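Next come two complexes built around chain A: one with chain B, the other with chain C.
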Partner chain A sequence: MNWYLLLGQATVNGLVVGLLYLLMAVGFTLVFGVMRMVNFAHGEFYMLGAFAAYVLMVHLGAPFLLAVVLTVVIAIVFGSLVEWLVLKPFRKDELNGMIVTIGLAMILQNVALMVFGPDPVSVPAIATGASSFLGVTVANSRLYVIAFAVAVLVLLYVFLRHSAVGRGLRAVVEDADIAALQGVKARLYYPLGFGIGIGLAAIAGALMAPLFSVSPFMGQAPLLKAFMVVILGGLGSIPGAALAGLCLGLLESYTALFLESSTADMLIFILVIVGMLAFPRGLIGKGEA
Partner chain B sequence: MNTRAQPLPVTPANRETSRAGFRPVLFAVAMAAVALAVWPWLAGQFVLHLAIMACINIVIVNGLSLIDRSGQLSFGHSAPVALGAYASVLLVTWTGMGVVPSALLGLVFVALLAALLGWVILRLKGVYFVLVTFAFAELVRLVLLDAAPITGGASGIAGIAPMQIAGWLFDSRERFYLLALVMAVASLGLMIWLFQRPLGHAMEAVAANPALAESTGINVLRIQIVAYVIGSVLAGMGGVLIARYVGFISPESFGTSASVAFITMLVIGGRKSVYGPVLGALVLTPLPELFRGAVQTQHMFYGAALILILRFLPGGIASLVGMLRSSRSSQ
Partner chain C sequence: MTRFTSSLLASMILGGFALHASAQETLKIGAVVTLSGAGASWGQAMKNAAELAADKVNAAGGLDVGGKKYKVQIIPYDDKYQAGEAVTVTNRLVFEDKVKYIIGPTGSAPILAVQPITEKNQVITSTLGFTDKALSAEKPFSFRPVNTTVEFAEQQVNWLVKSLGVKKVGAMFPNDETGQVMARDLEGAYTKAGSTMAAKEFYERDRVDFVPMLTKMMARGMDAIDINGNSPATAGLIVKQARELGFKGKIVRTGGPATTEIIGVAGKEAVEGMIVYAVLDPSLPSTKAYMDAYAAKYKTSVNGFSPPYYDFTNMLFEAMRRAGTVTDSQKVAAELENIKDFDGALGKLGWTGKTRYGINHQLAVPFYLAEVKNGAEVTRARCTVVEGCK
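Let's look at the complex of A and B:
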């Protein structure tokens, strides 16, 4: 086997997985930033995003791009509704809010189980064939996923940086009370922030649906990884989540070259625990005192 | 199994209500508790099974409650349960020693590990502690899965011999329930006793305001380590009981969902009360059986119950008692 080729493949796979973790973790950390709530249902929203793409593409015949856009719109509306109907009394309530999202996860997972059944389904690939770069051959579908994920991130960046709503959202993440003093209507940003966080999880689900199989239980593993990422990156820090997500995906992909995947998983857990002790507030995060 | 006619711990909240006039109610509650504890022996194997699981859960959730009441919520409480179960079983296989000594040694192992781990991770606060304990529990599960030559990996360890204490074999449900009940009552007794002592008060002080506690000369880290070690040993005890009762252990029985179940019991029972873990375990152990018709609907109702109780009874079931009492004393 050619090491150069293997490394190239691992890099692309690591990028795909890293972008998945990144999208999950950024959404997760956005929700945490706005509501001070660890969202245990985040993986379930990822799963629902994948199923939404599945229904739109396979049952309704929508093209991929339209399916992704519709999924995101549905997710933001649905997420905002869930926040308003279920989570409202638990804003800023770290512990009870966290447990409520566990209840939410149970409900969502089992609704999906009732509707779609336990067997995994698949979504058609968004592209066929492969491309070669510098002698490394990569499936086109993976390149598309990378391109879409990067586009989503650029849009998110522009939205958070340059739109009034995005700036308000960042102000609430920074400090809800001071934002409120400055005239930001924090009350409107809770559902919106949650909706956008959920929307990011749903995008991740919709983008990954053509690459992995779709099942009601698919949200568990990425949720765990999102936890790892936000620990490493610092809770509430969006740049931290982005950096750590990408690093974790690449690291996982590279270690899988040399070690069994379960050993690689264990190493990553140890790394995260050690990392957290060395940097109790994450690589970039400010954390809360 | 909330049993004896023991007076409630005297705190400012209930000092005035523990007067002589309140005794008949207390007596009735104690009688009801004894009746509830005896009932499973008369009600058939299924109830007996649920009662045993409820007792084991009481021991484990008491451990979680102890850690929580020192100001740190562990989200990886399944880890010490798994370690207690595996260590006590493997020690018998490796050394051929008796069931009781191996269980005790297993618990010593859990205590040492908890002390070491606690010394490192208890410096983290709030959500960070929650997340790192969550990660640790996953790590334990992965190690148990990966060390297949020792632990049997995903297929686990089957055919574990029943508990045997001083020649008495706990090999039937009737007998094992006795053991589980004694352990549950003992763990409740430990909690009541502990939170009447200076150590328990120090834990509550640390939970209420670490900085203030520190300034009064309490070593916050040390108090939290003590709570973490005792809480982990109680969880390990629960693990020993599970292994000896079920006769089979595998990494999957000690996963995230187990940790989530323990937290759910604690919160729904009531985090602030000594009786919270007991009530939580008593209500939530049999609850899934009510929705047994379909597994999906069972979990959906479970999730909905969780949300509704937190919404309308944030202090858990134990707070109902306080509400009843305050409405009584205001009459």
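Let's look at the complex of A and C:
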């Protein structure tokens, strides 16, 4: 068995999964940062993103790039509306907000079940064939997913760093009250922040749809991982979520290579616990000690 | 009209309603099935089958037992493929809805978890769970209408090894009771047939990324991957990702009929040439009729686990008719066990299992080996538990 090649493949695979966790976790953190709300429906927005890509590509014949762009636009608008219509009374109300999002998750899941049925559906692969780099063979569709995800992250970085709206959003994430004192209209940022947060979940869903399958219950597992990632990264820290997401993806891929996958899953949890003991405030932390 | 005649008339009308109501009592049958999560298509298939059987007797005026007509009502609950959920909903069915018959539970852990309740309260169950602990002489109310790995693995694996020359096999299993039992039985079958299961992996049921395990397997040079019994969605993902990685060997599925769902996830091209365990032979008129009825009502093609539950529900009705009661489940269980050569959607059916489980509560269902060609199953061999695959 050639360990060098296996490691190479595991790295690429870990990157794909890590980027999925990263997108999910950054969106999750953004929502938490803006609204102080643990969004338990985050996984369902991931699922809706995947279904949006499915409908756009399979039923309406849209090309992949257009489907992803449309998905994110729809998600931001839909997310903002949900925030404004459903979550507004629960802003900064952690406990009740959490319960409302659990209810929202159930509603979204069951609506998807009614509309699309229980059987998983598939989105066609973005690309066929595989490429070889230094002997490491990787499916082209996974390379495209890596490229798209990195592009999304670069755009998000530029938006948060260099646009006025992005800076405002970061100010609200840091401290909404002080931001308000500086003239930032925080109330406008709540729907926007939520919209962008779930937009990221939806992009993750749309990007992963061609790799995995699409079903009403697909959001539960990545939500759990996103939760782990944001806590490991430091609750509320966007760079922390990004770093922890990538680390978790790679860690999962490497451990699954050397161990039986169920043992690897268990080991991941042990490593996360050790990580949290070593960094009680998260890897890049403003998390609570 | 005098007061007397009008009250007489009113009491006659009311009496008529009461008489009508007593003539058409409701027979409640519970369903503890998986309606959400990865096993949802199995649970839906079981529930839909029971509903179709109920529709049929209801359309004919109800189930005629001991001179009374019963309207059959199926009460489905989602057990989410979890033992805890199954216990909760079974308690509800047994103690609140007062049912004596349950379709399901779907999984192995759920059936083992609910049996202390159902056996004690004489409630007949019909699990899809593959665990051999589901059936025993101490569990007289538990039945299983589907073949499990132990019933079909050996026969199929023999055929695969002899006809296709499959020598070195890798396989993946969910990390739970079902998966552990499947792995043990399948590994035994491959070894007995003169082949080896050179790699086996256990994964958590919510996993969607199988590339790390497949990479490892391919590096060890498997000539076939067996995806026996993995839930349809998961099996589809394994096929899709194996082909994506460039796996050129055979993919075989020696258990858990789910070809349509696998194609739905993996796409036609990836599934081409896959050898699958099949319970449906569309050339059999009774099977074809069921498939058509199913498609007409549910607007989707039938899952292979559905017809056995349709047949089981009908066998249950027949047992009630013979027992002359719907309330004495002990009598019904005894009559059910005695049914032989039942004309079902799947053909002639009867119970077996005495030697393996100590009780004849395992339905002997004919099965097939098919090759997937252009998205459709083409029968390659016909099998029975006793005679093997030919």
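The criterion applied here is as follows: the second predicted complex is superposed on the first by the 287 of 289 C-alpha atoms of A that agree within 3 Å, B and C clash if a C-alpha of one lies under 4 Å from a C-alpha of the other, contacts with A are read in each partner's own complex, and residues count from 1 in each chain.
Keep this in mind: a residue touches a chain if its C-beta (ideal position, glycine included) is under 8 Å from a C-beta of that chain, and two chains touch if they have at least 3 such contacts.
All of these numbers come straight from a predicted model, not from anything done at the bench.
Asker: Look at A:D265 in the shared chain and tell me whether it touches chain B only, chain C only, both, or neither; answer first, second, both or neither.
Answerer: A:D265 sits against chain B and chain C alike.
Asker: Once chain A of both complexes is superposed, is A:L6 in touch with chain B (first), chain C (second), both, or neither?
Answerer: A:L6: touches chain C, not chain B.
Asker: Under the stated touch criterion, which partner chain does A:L156 make contact with: chain B (first), chain C (second), both, or neither?
Answerer: A:L156 contacts neither chain B nor chain C.
Asker: Let me test your reading of the model: by the given contact rule, A:A25 touches which partner, first (chain B), second (chain C), both or neither?
Answerer: neither
Asker: Regarding the shared-chain residue A:L113, is it in contact with chain B (first), chain C (second), both, or neither?
Answerer: both
Asker: Where does A:L257 make contact in the superposed view: on chain B (first), on chain C (second), on both, or on neither?
Answerer: A:L257 contacts chain C only, not chain B.
Asker: Identify the partner contact of A:F227: answer first if only chain B is touched, second if only chain C is, both if each is, neither if none is.
Answerer: first
Asker: Looking at A:L169 after the superposition, I want to know if it touches chain B, chain C, both of them or none. Which is it: first, second, both, neither?
Answerer: Neither chain B nor chain C is touched by A:L169.
Asker: For A:G103 in the superposed arrangement: first (chain B), second (chain C), both or neither?
Answerer: It touches chain B, and chain C stays clear.
Asker: Please report the chain A residues shared by its interface with chain B and its interface with chain C.
Answerer: On chain A, the residues that contact chain B in one structure and chain C in the other are 109, 113, 220, 262, 265.
Asker: Tell me, which parts of chain A touch chain B in their complex?
Answerer: Within the complex, chain A touches chain B at residues 32, 38, 86, 89-90, 94-96, 98-100, 102-107, 109-111, 113-114, 220, 224, 227-228, 230-231, 235, 262-263, 265-266, 269-270, 272-273, 276-277, 280-281, 287-288.
Asker: Quick check on the complex: what are the chain C residues that touch chain A?
Answerer: These residues of chain C touch chain A: 35-38, 40-41, 43-44, 175, 201-204, 206-209, 211-213, 215-216, 219-220, 232-233, 236-237, 240-241, 244-246, 261, 264-267, 300.
Asker: Under the definition above, what is the set of chain B residues touching chain A in their complex?
Answerer: The contact residues of chain B facing chain A are 73, 120-121, 123-124, 126-128, 130-132, 134-136, 138-139, 142-143, 145-146, 256, 260, 263-264, 267, 296-297, 299-300, 302-307, 310-311, 314.
Asker: Chain C touches which residues of chain A in the complex?
Answerer: So the residues of chain A in touch with chain C come to 1-2, 5-6, 9-10, 13, 16-17, 109, 113, 117-122, 124-125, 130, 137, 139, 141-142, 211-213, 215-218, 220-221, 252-253, 256-257, 260-262, 265.
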